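In the two complexes below, chain A is the common chain; its partner is chain B in one and chain C in the other.
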Partner chain A sequence: MTDDVRRQEQPLSGETPPFVQSALRVFDLSLSQMLWSRRTIFMVLVVGGPVIVAFILRALVLFAGDVDAGLLMSGSDLFGLMFWVFYLGIAVPLMGLFYGTALIADEVEDKTITYLFTRPISRGAVLVGKYLAYLVCTGFVVLPSLMIVFFLVTPLLGGSIGAGFPDLLNDLGLLAVGLAVYGAVFALAGAAVKRPLLAGLVFIFGWEPGVLMVPGYMKQFTVRYYMQGLAPHSMPADDSVLGSVLAFLQSAEVIPSTLMSLTGLAVILVGGLGLAIWLVERREYVLEQ
Partner chain B sequence: MRQTRYFLLCASAVLLLGLCTGLFAYFNRGSALAVSVSGPLELAYVPAGATVVGYANVREVMLSNFRERIRQVAPDGVGQDALQEYLGLDIERDIDHVLAFMAPGGEGTPAGLVMFRGRFDVTRLEAAARRAGGTVSTYGDTRIVSAEAAEVGSLAMAFMQPGLVAVGDLPTVQQAVDRGDGGASLVDNAEMAALLEQVEDGSNAWAVGRFGDLNLLDVIPDDVLSRMPAVSFFAVSGRINGGLTGALMIEGRDEEAGQNLRDVFRGLMALAKMQTAAQPGLQTMLDSLRLGGTGALVTMSFWLPPEALDFIFSAPESGPAN
Partner chain C sequence: MPIHDQSYRRYGGNREAPGAAWLVIARFGIKAALSKRLCLWVMLGAWSQFFVRSVIFYLSANFPSMDVLAPSVQTFRQFFEIQWIFVFFVTVYVGSGLIANDRRSNAIQIYLSKPLTRVEYVTGKLGVLVFFLLGVTLLPALALLLVQVMFSASLSFVAENLFLLPAITLYALVQVLLAAFSILALSSLSNSARYAGILYAGVVLFSNAVFRIVQGFTSTTGLAWLSFQANQDQIGDVIFRLPTRFESPWFMSALMIFVVIGLSAWVLERRVRGVEVMT
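Moving on, here comes the complex of A and B:
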């Protein structure tokens, strides 16, 4: 048996609160709920991993003595590599996926969306409030994690905290932008698709890396393409023969300029979130019994 | 909820503490140059308009096992015995570091100076110069030994300070002496000072320069200059310690030039990797190449392991077949 949930008519007795106030109210309610949910365990694992790796690296250098002659990179390079692989490659897209798709999909799955949408606030404000809670929740976990990794890894093997600090600021900003953009993309997926998690996983681990490897314009339809243009650290090189062939093929490819990257990310963010709001405002969610 | 507030406070504290510490480290970091040159003394002699400045910490290089490799290539120590006999100079022990620069000269010719910091037998050096037809004079408080060379004009050697000898053409040496007495120098040039900041900490050899001024030096033919990529600045630094680590920073004239340079380097790296698949010594170096940079900036770092250095130094012995 199903029950159609339709938009509640505005109460006659009171006025609808303004959009921003409504969104902040939903944000207030959602933040704790989001922070202390089961997903927190996943989030701790994702951002705790790099911190543990950083501690291990630190211990290795501390106890192994003079290892700099045998290593290919300095502490700054190591940090850059960890930033690319762990944070931009894994943590940010995965968090955007798991939290972004859950903004609406979880409420539908838990059949609690009725209670949200029957409140005298716009549906868009619900989505925006939850999106803001997602940003704060993930941002306050990922950014301190990156900060700890920076201070653990950068001073190793001749690296300098002072010299690397501007890059850290850039990295922190990039993570925040990445969380915001991926969150918007997956909020749209959560609002539009029935199985958003599966679609998101295909997007992150199939579409984005696949399209980025192939020469052509299709990479403009990925988030990572625009993130590359803002990253101060060099991307880790693929040393395999296939990597060399791909690098040769891509030698004519253009990494987007800073302005183009910022514009691209802004378009994705505003477009994704705007479309998600538009969909949520109009769509009828059918709760399965 | 109380635990949410505590969590947000803790996370904010970590961020704030990290930012403050990083900011403190950023503003109090020692200049890379101060680490390498043991003080800014030599830079005071470099003109503000210098085009290229280079530095090598000879002492550190000679103390490393790189010295053995040099000996393999040049068993006679690059004329070491002759220098020891005539000048009393042992390059491996007596010279700490070398700083050199090139700047546009007065009559369209480049002006250059090489400064050696170390331990010198001044009397013996002067005597050797006199024997070669040189004359000793005093310029200000500085003793200068000069000799006429047919093609390059007057060559001069000045004892700028105890343990600091400058060699170059006479006018440049005299200008350096004047500059040491309080004239404008490289450290007053904000552009070059910022470029020096790009030198990697702990480097024992580096060079920085402005490509835009190369035509003023008149050492590179115009047609070659016109074909060179649109580069504004470069900074290259390296550290020899067993292997050789290095970093190169190039700034293009604009974002397009930077992008073109990155594309060229990326293509060359890919091509080189494919062509050196059967040479493990070079493959390791190519694998260590890291290309980066955004906008007009191109950065590249590399690491040559001892095996790759062995391979390179053995190449001349192996002959053209290799």
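Moving on, here comes the complex of A and C:
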């Protein structure tokens, strides 16, 4: 093989590396930044809280002999409630919001986006690399937390770990899907909107519960609707005025099938991330002085 | 003669009476927020309930068949209950960056190098938030009461429920002060407005979640004081002279609200300093 041919096969030093390789480089860099920062405290609080509550509940049942006299729930029901309220209701949307919007917004706020965008890699690869780092970082923290809660709570008051284990696997998968989908939606918000936190909070607490009241197809534009179709535990009732109105309006509601839920979530994930990449590739970020 | 004299000079401006400087911070904070279009949209959204209820009041006053929609004390209580979500949005939007942004740009040191005390600085920031929060709680609630009088062309409802005026004012103040102190304390803990906002959302939601779990587990509402939101609901029922919705004693909720405000004030006292001493 001549020197000329060899030179043609090797990439030139100034050539842009492939998309996947670039994304993996950014992933490697971002993972350590996400794991070892002061913001990890937030993540620990969000996922550590349910574990502490589970410990307290377990201690309560173990040390108070007659505590089960007035209790209506079995351990597996309690785990289902904790899964909905703590994980699907708070941890997944909030972590998706916090880290998803931070993928681009953090770099803009810190005025470091210039350094990333002047590297010889595509802008989309930066976003994808950071998104993958978010998934790994949050997944490694949230999923073990759920497992600990499962093993602490399920055996209480007549519940069985063996019987509930298939549901746990389903729950773990659902959390991973939830983190991926919410992360993609909020990555889009972070790339598109100047104030992504407010937009995200309005989406979680305004749009998602709000459109569930509207009859027709509107609810198909929420993540929660599709998550509902995949959850093995029934959604807990809300006692507030709004909750009662919602329960009345949704009494004839049909929960989407598993296939429909998976398709819906896949569309949101791919659409959200794809749009975010498209926006990041084209948008000019003006840094505030 | 040097063009720019950098040597020591005495302060040449007017010296205001001590304790009035907070107004400057509050005024500029309010102006800065109002100059953003998004802020106006958020405020307009927060008034949407007022507009809907005004239409309902009009219908009930003018069409006898719609008597069932006539306002009552519960109407005003429910108004605050639904308005909670807008209080939450405004708190996060306006409040999360009030101190965090100053910390990020090291502006607190500059503020405190002027004739301005730490208390005045915090009061000024608090003033900004209180202005906007009262604008979405007290103001629309009082306006709603006025609308009721106007549409019914009678003072009989107000005369029968005279306690509504102080009740609305007191409950709005409870809601506003709790939200304002909490978000300011969280804002002072971070350099990022987004982080402060998400921390606030986390605290509010997590405390509610803990209460819901305990309620589901024990099938009683005796531990409602654990929840940020339930404490306000419980106190609201007492202020509006309605039966309380939770089994926990109302004074426990009042105590928790005082504790949260006190804790926030303590955090602010520790975090808002001209010089940060690293140990």
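Just so it is clear, the second predicted complex is superposed on the first by the 259 of 289 C-alpha atoms of A that agree within 3 Å, B and C clash if a C-alpha of one lies under 4 Å from a C-alpha of the other, contacts with A are read in each partner's own complex, and residues count from 1 in each chain.
Throughout what follows, a residue touches a chain if its C-beta (ideal position, glycine included) is under 8 Å from a C-beta of that chain, and two chains touch if they have at least 3 such contacts.
Only a predicted model underlies this, so the values are computations on that prediction, with no experimental measurement involved.
Peer 1: Here chain A is shared; do chain B and chain C fit on it together or clash?
Peer 2: Here the two partners, once superposed via chain A, fit next to each other without clashing.
Peer 1: Counting residues of chain A touched by each partner, does chain B or chain C come out ahead?
Peer 2: Residues of chain A touched, chain B against chain C: more for B.
Peer 1: Per the contact definition in the header, classify A:Phe19: touching chain B only (first), chain C only (second), both, or neither.
Peer 2: Once the two structures are laid over each other on A, A:Phe19 reaches no partner at all.
Peer 1: Looking at A:Leu35, would you say it contacts chain B, chain C, both, or neither? Reply first, second, both or neither.
Peer 2: A:Leu35: touches chain B, not chain C.
Peer 1: What is the contact status of A:Leu78 with respect to chain B (first) and chain C (second): first, second, both, or neither?
Peer 2: A:Leu78 contacts chain C only, not chain B.
Peer 1: On the A-aligned overlay, A:Leu143 touches which partner chain: chain B = first, chain C = second, or both, or neither?
Peer 2: In the superposed model, A:Leu143 contacts chain B only, not chain C.
Peer 1: Just checking: does A:Leu168 make contact with chain B only, chain C only, both, or neither of them? Give me first, second, both or neither.
Peer 2: Only chain B is touched by A:Leu168; chain C is not.
Peer 1: Tell me which partner A:Gly89 touches in the superposition: chain B (first), chain C (second), both or neither.
Peer 2: The answer is second: A:Gly89 touches chain C but not chain B.
Peer 1: Can A:Trp207 be said to touch chain B (first), chain C (second), both, or neither?
Peer 2: Neither partner.
Peer 1: Once both structures are overlaid on their shared chain, how near does any Cα of chain B get to a Cα of chain C? Whole angstrom is fine.
Peer 2: It comes out at 9 Å between the closest C-alpha atoms.
Peer 1: What residues on chain A does chain C touch that chain B touches too?
Peer 2: After superposing on chain A, chain A residues 72-73, 241 contact both chain B and chain C.
Peer 1: Going by the contact rule at the top, pick out the chain C residues touching chain A in the complex.
Peer 2: Its residues touching chain A are 38, 42, 78, 81-82, 85, 88-89, 92-93, 96, 192-195, 197-199, 201-202, 205-206, 209-210, 212-213, 216-220.
Peer 1: State the interface residues of chain B toward chain A in the complex, per the touch definition above.
Peer 2: 1, 3-4, 7-8, 11-12, 14-15, 18-19, 21-23, 25-29, 32, 201-202, 239, 241-243, 245, 255, 259, 262-263, 266-267, 269-271, 273-274, 277, 287-295, 299, 301, 303, 306
Peer 1: Could you please specify the touching residues of chain A with respect to chain B in the complex?
Peer 2: Spelled out, the residues of chain A in touch with chain B are 31-32, 35-36, 68-69, 72-74, 77, 80, 136, 140-141, 143-144, 147-148, 150-151, 158, 160-163, 165-166, 168-169, 229-235, 237, 239, 241, 244-245, 247-248, 250-255, 257-258.
Peer 1: Help me check something: in the complex, which residues belonging to chain A touch chain C?
Peer 2: 39, 42, 45-46, 49, 53, 57, 70-73, 78, 81-82, 85-86, 89-90, 94, 97-98, 101-102, 105, 109, 195-198, 201-202, 205-206, 236, 240-242
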